[in-house]
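Have a look at these structures, which come just after this line.
Look at the two complexes coming up: subunit A is in both, with subunit B in one and subunit C in the other.
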Partner chain A sequence: MRRAVGAPLLVTGLVVAVLTPLVLLAVWAVTETWRYPALWPQAFDDRALRVVTDPGSTILPGLVTSAGIAATVAVVSCAIGLAAGRALGLHTFPGRGLVRFALLAPVIVPGITVSLGIQVVFIRYHLTDTVHGVVLAHLIPATPYATLVLAAAYTRLDTAFEDQARVLGAGPLRVLLHVTLPALRPALTVALMLTFLISWNEYVLTLLIGGGSVSTLPLLLFSAIGSGDTSVAAALAMVVSIPPLLFVGVTARALTGPGAGRNDGRADPGMHPGAGATLAGLGRA
Partner chain B sequence: MADAVPQRSADVRFDGVVARYDRGGPPVLDGFGLTVDEGTLTSLLGPSGCGKTTALRLLAGLLAPLAGDILVGGRSVLALPTHRRPLAVVFQQPLLFPHLDVTGNIGFGLRMQGLDRATTRRRVADMLDLVHLTGLESRRPAQLSGGQEQRVALARALVVRPSVLLLDEPLSQLDAGLQQEMRELVRTVQRELRLTTLFVTHDQEEAAALSDRVAVMLDGRIAQHGPPQDLYERPASLSVARFLGTANLVPGVVREGSWTGPLGRIATGAPDGAATLAVRQESLVVDLDPDADGLPALVTDARYRGTSWELDLQVDGTVLHAVTAPTIKAAPGDLVRVRLPPGHGYVLPG
Partner chain C sequence: MNRRAGLRVAVLLAPALLVVVGLFGAGLGLGLLQSLGYQPYLEGWSWTTAAYTGLIDDRAVRASLVLTLRTSVLATAGAAILGLAVAMLVHSSRRGRRLLTAVLQVGLPVPHLVGALSMSLMLSQSGLLSRLTYAIGLTTSPSDFPALTEDRFGWAMLAEYLWKETPFVAVVALTALARGVAPLQDVAATLGASPWQRFRYVVLPLVTPAVGAASVVVLAFTFGSYEVPAVLGRPYPAPLSVVAYQRFTDTDLTVRPQAFALGVVLAVAVTALVAVYLRLLDRLGATR
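== the complex of A and B ==
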């Protein structure tokens, strides 16, 4: 059997591409002076780190706001995605193709255009400058992803397992909790991760809908960059990038760890669609 | 073991049930009626597509009838959602939940009933004992053999103490040896628990071996319902005899109380007109002496079956299949005599 050389190379390349900017950020975060044409900073200090970790600063509340909004968006969009994904993945109905296409619309149309349109509507319903308004706005780009990922998983779900649970005395909610969700777990993890990150990284929508009263990390980061203090901006960028990386690391372990590998496909390939299959299915959807 | 006894076994009655899968399509069941007596194992036997699985899904509430009623223990269950009906189903596939181990799978129904841990553990242990799976408690479904998976599925259905057990061809995916073993297990358990059981199958051998009563289902209706021997000895109609396929069907005519055809004249109570004589293969008596009593027959093929010979005989232009003792060594081309002892043919109109 030939050993795959391409895959390890590709993975190494990806890791380097992802980590190099982070290393640069880390260096910048502790730099005091770094003038052209030096390859290495002339002087280091921990000023930027102190600014960012100062409990009195706006960073900590920003972190909490961002995490709260992103978590809410992830849970709500996945709840919608579970219902909508079931309809798209398991049932045929007139206009299904159109619905699939419409779901992609927020992804295709430039975010700034969508945001301006949304802002007008949100102002009318007094949703601007509020956290729930921002959550609602973030749901617009997040829900299509959740729906498409879960629809792809639903197409491979064997509903005979749900029937089996029902004839053993499980009501609709229990079937969902004890049979359907465990079966969709890999896809659900991917969907939660994806929607969390969409909200976490969102800038334009937060700026326009939050109107400055809702300060998430990306907003603080942009203003730090605007102020020209590279060291503080770099330190803040670390705060923005590290939680998602940890988050992805933990979930990726859950997806590829022993639990996911246990399913050798003999019993039921349809019951536990793996994460890889889920992402592949997303391409097809 | 007393713990495994169902709370109450109940009879099942289908009453004029109409069902279809596609809106506007032809009904799969049209005026379907069947009674399954309390405590019996009744097989619903029919070719694929006859509607037997539809009947089972209707009873389980996985499908709603367009008309008619379904009663369990004398009470209509139509208003009850699936999970409130007092029954449990084992499907063709074991459908063990892959994220649960054997204990978790068997205890699933008890967890849904909200039973406490101690009771659940005790009842699951009883079930493991009943289906001979003690020691495999923490195995995952992927680590079980096909037979073990199906035994877990059976235990998982029995542990909830259903009033009615529904089996939808649960043995058809197993190899012959395991099928035999599982049949015995199903039979033993069913007798021990006196559990009303409806067994859907297309395998007549299985139905005959297992059942107290067999209901033959053809084209969405019960064509015959009775003890297994009756099916073979007194098929209710030509279509039942054709479906069973174990008898020679000899066309002839009935006139004034007697059937006339290639096998001679046989007295019958059947009405005048075209009629078919059903003759079981082992009822025909073959004599190697060409001068013996009976009709002259030409052996066209002879197959050795270990415990018997299977002969193809040509009698007056009709091909008959006969099963004889292994001592009757006939070869293709031999001229033999064949006769039907009195009382062994069965005349069916049509």
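== the complex of A and C ==
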């Protein structure tokens, strides 16, 4: 394939454009003074890092709240997705297209519309300002992605293995634990991480349903940005970003497939099932 | 399909439908009802379209609609075009393709709120870009630098969306390109196709479904996003989502139904926009 003359320059520009904003945050996190118009901070210190890692601050409880909510949302939405994905991936039934359409609707319609509308019911049933209310709200964006990723994986599941296990005397639970789940494991891992991430990054649903009492990290980051202490806001931004970055580190291969670095022209057989839905989820997150 | 299998499918789907209908559908429906005056658990409400007529007469809302549409369409088109260009650049670079793909993925999972903070540090009047223009002598003070954050146009918002969504579209396009565009291009070249023809009739039809699906997600997200304009924008004119939140939390409770009406407007507008966009893509994906 031909190589354009300006390609190395363009590639450099691309890398700079993608990475500069993140590097800038990392620098600000350890900055003591950085007055205009200096291009590099005048003095560094670890004040902001100590603030965000101080066990007495609100950050640590926020981290625990965020992780707890996101883990619960991931497990519940993937359990729901395992069931619904099976129906969509393995069965044909009247109204299948309608179910798929209904699952796509929460992907399109903004979260603010839904959370404004449903808040009154949540207040009535004492779900606002509670962690489980926020978990319920986060299920709205998480469930469609879990279902779509797992439905794609089910279409490649050979159900003959399940039948074999049944014939050999395994009960439904044993079949699920020892045959179905291991076969779906790659997709399930991706679905769990993706739904964790959707919940972890969610802001407006938490704000409207949590009402400020449920302080997840994005809410704390938002108020830190408003407080004007740039170094602390930047340090907190790093804390919020690290788990998602680990996520991509783990799943990068699954996202683009092992063949992404090659150019042998063949269709990629190792392409992860449901990679499209996974990527779509990242676009939202 | 027999009854037993039908029952099985119904049981499998029930929890997901409970979320989609019971939470999402209920939220959407209750939003619509509350925009029309309905007040659950309260006596003495009546049906009214006052919230909608109030919005139509409201200049702030008209400005908001224009801003929302403009930002969202520019971000979607920009991310789609730039993302495809980046994907083709990365795909054609022989060395370092793996590394470049990894670099593209770094920003993908980072929350938009983090991107928004970073953009304010980059683009504000005392931000990094302003310091760079000072260093090369283009500006002499922060106020010399154009206002890109909290501005009327929403430049910083647009920049944040492009920074987050261009790599997203690029990664999606790369997975589509990896499925064997090179041999097809070689065949087309052998048959005498010009570079433009190879792009229009080989590359574009191959990547349009993937890039299209990705940019629908971008369109929907940017249209309804709240936290990015809340950090980088200004209270007036603000995107619809921000105005909806303002009206919802307004101390004047009589404007509250307008918040629900704005939510409905957001939902209807984004659905219409996605429908139009999908039709447009159908045409682009055509091989002739």
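What we mean here is this: the second predicted complex is superposed on the first by the 227 of 285 C-alpha atoms of A that agree within 3 Å, B and C clash if a C-alpha of one lies under 4 Å from a C-alpha of the other, contacts with A are read in each partner's own complex, and residues count from 1 in each chain.
As a convention for this text, contacts are C-beta pairs under 8 Å (C-beta built on N, C-alpha and C of every residue); 3 or more make two chains touch, one makes a residue touch a chain.
Since the structure is predicted, the reported quantities are computational estimates derived from the model, not experimental observations.
Residue contacts after overlaying the shared chain place A:P218 against subunit C, while subunit B stays out of touching range.
Once the two complexes are laid over each other on the shared chain, residue contacts for A:A26 go to neither subunit B nor subunit C. Judged by the touch definition given at the top, the superposed model places A:A165 against subunit B, while subunit C stays out of reach.
When the two complexes are overlaid on their common chain A, residue A:V75 makes contact with neither subunit B nor subunit C. In the superposition on chain A, the chain among subunit B and subunit C reaching more residues of subunit A is C. Residue contacts after overlaying the shared chain place A:L176 against neither subunit B nor subunit C.
Residues 262-263, 266-268, 271 of subunit A are contacted both by subunit B in one complex and by subunit C in the other. By the touch criterion stated above, subunit A contacts subunit B in their complex at residues 160-161, 163-171, 174, 178-179, 182-183, 185, 262-264, 266-268, 271-272.
Within the complex formed with subunit C, the residues of subunit A that make contact are 1-4, 7, 10-11, 14-15, 17-22, 24-25, 28, 36-39, 77, 79-81, 83-84, 86-88, 91-94, 99, 102-103, 105-118, 120-121, 124, 136-137, 139-140, 143-144, 147, 197, 200-201, 203-204, 208, 218, 221-222, 225, 230, 233-234, 237, 240-241, 244-245, 247-248, 252, 255-257, 259-263, 265-268, 271, 275-276, 279-280, 282-285.
On subunit C, the positions that touch subunit A within their shared complex are 1, 5-6, 8-9, 11-17, 19-21, 23-32, 34, 40-41, 86, 89-90, 92-94, 96-98, 100-122, 126, 128, 130-132, 134-135, 142, 163, 165, 167-168, 171-172, 174-175, 178-180, 182-183, 185, 210, 213-214, 216-218, 220-221, 223-227, 230-231, 241, 244-245, 248, 259-260, 263-264, 266-267, 270-271, 274.
The residues of subunit B lying in touch with subunit A in their complex are 60-62, 81-85, 87-89, 91, 93, 95-99, 108-109, 111-113, 140-142, 149, 156-157, 160, 166.
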